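I have placed the structure first, in the form of structure tokens, so that the comments after it can refer back to it.
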Amino acid sequence: MSKLTHIDGDGAAHMVDVGGKADTVREAHAEGRIAMKLELLEAIKANAMKKGDVLATARIAGIMAAKKTSDLIPLCHPLALTKVAVDFTFLEDGIKVSSMARLTGKTGVEMEALTACSVALLTIYDMSKAMQKDMVISDIRLLSKNGGKSGDWTVE
Amino acid sequence: MSKLTHIDGDGAAHMVDVGGKADTVREAHAEGRIAMKLELLEAIKANAMKKGDVLATARIAGIMAAKKTSDLIPLCHPLALTKVAVDFTFLEDGIKVSSMARLTGKTGVEMEALTACSVALLTIYDMSKAMQKDMVISDIRLLSKNGGKSGDWTVE
Amino acid sequence: MSKLTHIDGDGAAHMVDVGGKADTVREAHAEGRIAMKLELLEAIKANAMKKGDVLATARIAGIMAAKKTSDLIPLCHPLALTKVAVDFTFLEDGIKVSSMARLTGKTGVEMEALTACSVALLTIYDMSKAMQKDMVISDIRLLSKNGGKSGDWTVE
Amino acid sequence: MSKLTHIDGDGAAHMVDVGGKADTVREAHAEGRIAMKLELLEAIKANAMKKGDVLATARIAGIMAAKKTSDLIPLCHPLALTKVAVDFTFLEDGIKVSSMARLTGKTGVEMEALTACSVALLTIYDMSKAMQKDMVISDIRLLSKNGGKSGDWTVE
Amino acid sequence: MSKLTHIDGDGAAHMVDVGGKADTVREAHAEGRIAMKLELLEAIKANAMKKGDVLATARIAGIMAAKKTSDLIPLCHPLALTKVAVDFTFLEDGIKVSSMARLTGKTGVEMEALTACSVALLTIYDMSKAMQKDMVISDIRLLSKNGGKSGDWTVE
Amino acid sequence: MSKLTHIDGDGAAHMVDVGGKADTVREAHAEGRIAMKLELLEAIKANAMKKGDVLATARIAGIMAAKKTSDLIPLCHPLALTKVAVDFTFLEDGIKVSSMARLTGKTGVEMEALTACSVALLTIYDMSKAMQKDMVISDIRLLSKNGGKSGDWTVE
């Protein structure tokens, strides 16, 4: 069975050595969604059609958060991301956030994609909470990862 | 109908003025959960009984992230938090993260509690992803907020 | 003659003591501008009318930078800003950035307003430099400050 | 006509992919100036001859800011700068700040040089504002960039 | 016997609640020293007499680090420091760093003074390590703390 | 005699150019210790045997601080660390902290190892200071460095 690689034999946390890994193109995609009442969703949509600031702000927040991943997640390596993107899809009862991160480097960018997605969702909550406090953020998950020795992976 | 307070009449984002608000004790509670397979949950539990590093690391990450909230969420005010706590409950199919933040100040700490919770969940994912990539983070939501002019609020 | 207050008798830099100052409402306004060719200005304008992303991004960057002022300017005090705003005016040959910062606290927010303005201008440069590299950023200056013992000040 | 590369077809901001670019030596030079009254300029000069702290502090602030560029400018890539330098020239009516940044990497360092210059200028303002509030920061511009596929560029 | 206040009954780390504490003036002083060979000490002294850059840089680094304390030490509260100062004394075999921090607030600033001191010492090491690698940093300790309910304390 | 490489001919600080250096595996080890009274040491040990949170927190703080080194030490280059580890040894009168950092890159990681060690020690102080204020941090030093043109070095 595979092990928890961030914990050594004595149970102590450490940043695992990725120095021996090859520099390859690595990419990860993630998504998540926030559920809200129709009235709020319509307000964001209307705004999006005019100036788009809730989503524009959430997009910037997500991109900037991807760059802070190693500052937020204790055992993540600092990475020189080559691309980050965040997109939005309107659902019937909320908004879906899709994110991707890409790197030519020694370790995967799953956490960068997931962090971008999470912070974009939190930003939508922040900018909308005056209208609804019981929004729920759900289904944050990795969709796929490519590159690296462990190979490609796509969620079923 | 209440409005999106972070957007002015022209749709431009701004950090709303909280200078006129009173300094009162404000507190917020949030929670979320991460679903994982039993084998992984047992590994974290076993570890928790020994040295607890996955959860100890996630706890520290969540507390530190609460302090970074205004650096992550574009329109959040910088706040001098007086208390932050993060706790864990083992569920049948995963782990629940509960967080709280407290402040004596001019604005609420909902985003600080939600950010602590989200980053603790991401840290659990990061430290466990070698064993399972399709974990899902869900049900991140505000449980309650207290203090301030808008009064107390508890999720139904 | 007034002295350079960040340097003591021996010429050593230090963060001056503001502990004895009263908590009053303090506000500062600043502005600056970036000159560009007409073709680029029109592209930004056209974009602004559709989705406004150059200016929306610059606005968010300016607001977030105001919150980082004490992290950038070595002798600035960390401050709990209560409001930050950044606005744009189209000029004949470029864009004017106007910024303001407000605080209930012990020291002025001139540097916060100036930093918001500077970083918003740099962000416009960054997002436009593929079209023009010789844009020039000029006339960054304080317009007014209010509050505090030293009284109000407005540029002539 | 060249396009605003940070904005996609739908007007959404994103961090452009530089993964396909080659690792080459890239260098950028920038400059700017701050105008001040003679009395203040003489005070800084006298100080510079003794301990140099206004300029020493501004120099350190500029160098450290270059390293924070991707944290300040939303769509800048995180870069492993190999050199940063900031210098000063006394003008008749103020101080000129010259900056340079160098990298072996996949994208240019124009923003790093411009950010170093801007923050050094803001630091001079901060350390001098007790003596003069109406100083003006001007003529921040890129002087040259070298390296990369788009070739070398020098301001006319 | 007094307890480890950052650990609750279950041994879990948390940021202790200081919300009930009064806003009083709090101050802390700390010191530490770095031992080096005479040749290096003389080089720093000579430099200090000319432009002082090793010590000027270490001073700025220490002051800026004090402002980052809550970002470095996991359970420290974010604080609005009102004053920070770092000074140097030449010893026979090295340099002594003295630091102080002051706050009008709800909790002590011991960690801010100790962090300023530690980072100033590390900066001296960094700027001098080309000449000597076996410098030793020692005797970092709190000298005194004032203010707050627990009263004043001075090292014996 | 070797020179202070961070200072140029005119005494001005700058970030030295490492662009011409080769990408090699570089590693550094450092250590330091904190002296405390027996009663406190036993309390930490007892806790370590149960949940280990003082040391688990200090470990995380040290690892995260290594990643912030270039943000703390003004002239350090930003580096993509490939491994960081922090360990603890109980001494008769305190705790020894051992740290290591590894990189495939153009410059050494001595400061990263020393920063991890210093911040882990400060965190132990912070979490224990309710029981003892006159703990002393000492003997922070580099143990060895490997890789790079200047060759390997081990403390005598």
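Worth a mention:
Think of it as A, B, C, D, E and F in the order they're written, each chain with its own count starting at 1.
Simple rule for what comes next: contacts are C-beta pairs under 8 Å (C-beta built on N, C-alpha and C of every residue); 3 or more make two chains touch, one makes a residue touch a chain.
For reference, the UniProt names are A, B, C, D, E, F = Cyclic pyranopterin monophosphate synthase.
Predicted model only: the values in this text are computed from it and were never measured.
Traced through touching neighbours, the fewest hops from subunit A to subunit F number 1.
Taking the definition of touch as given, a chain qualifies here only if it contacts subunit A and subunit C alike; those chains are B, D.
Path length between subunit A and subunit D in the chain contact graph, taken as the least number of steps between touching chains: 1. Put simply, the C-alpha centre of subunit E and that of subunit F have 16 angstrom between them.
Each chain gets one centre point, the mean of its Cα atoms, and the points for subunit B and subunit C are 31 Å apart. Looking at subunit B, residues 12-13, 51-53, 56-57, 60-61, 64, 68, 71, 74-75, 78-80 sit in touch with two or more other chains.
Taken together, the touching pairs give a contact graph of some other shape, not a line, ring, star or complete one. Here, these are the chain pairs in contact: A-B, A-C, A-D, A-F, B-C, B-E, B-F, C-D, C-E, D-E, D-F, E-F. Those residues of subunit F that touch subunit D in the shared complex are 12-19, 70-71, 74-75, 77-80, 105-106. Within the complex, the subunit F residues that touch subunit A are 25, 52, 56, 59-60, 63-64, 67-68, 78-87, 102-104. The residues of subunit B lying in touch with subunit F in their complex are 51-53, 56-57, 60-61, 64.
Those residues of subunit D lying in contact with subunit C across their complex are 1-7, 10-13, 32, 39, 43-44, 47, 50-54, 56-57, 60-61, 64-65, 68, 71-76, 110-111, 114-115, 118-119, 121-123, 125-131, 133-142, 145, 153, 155-156.
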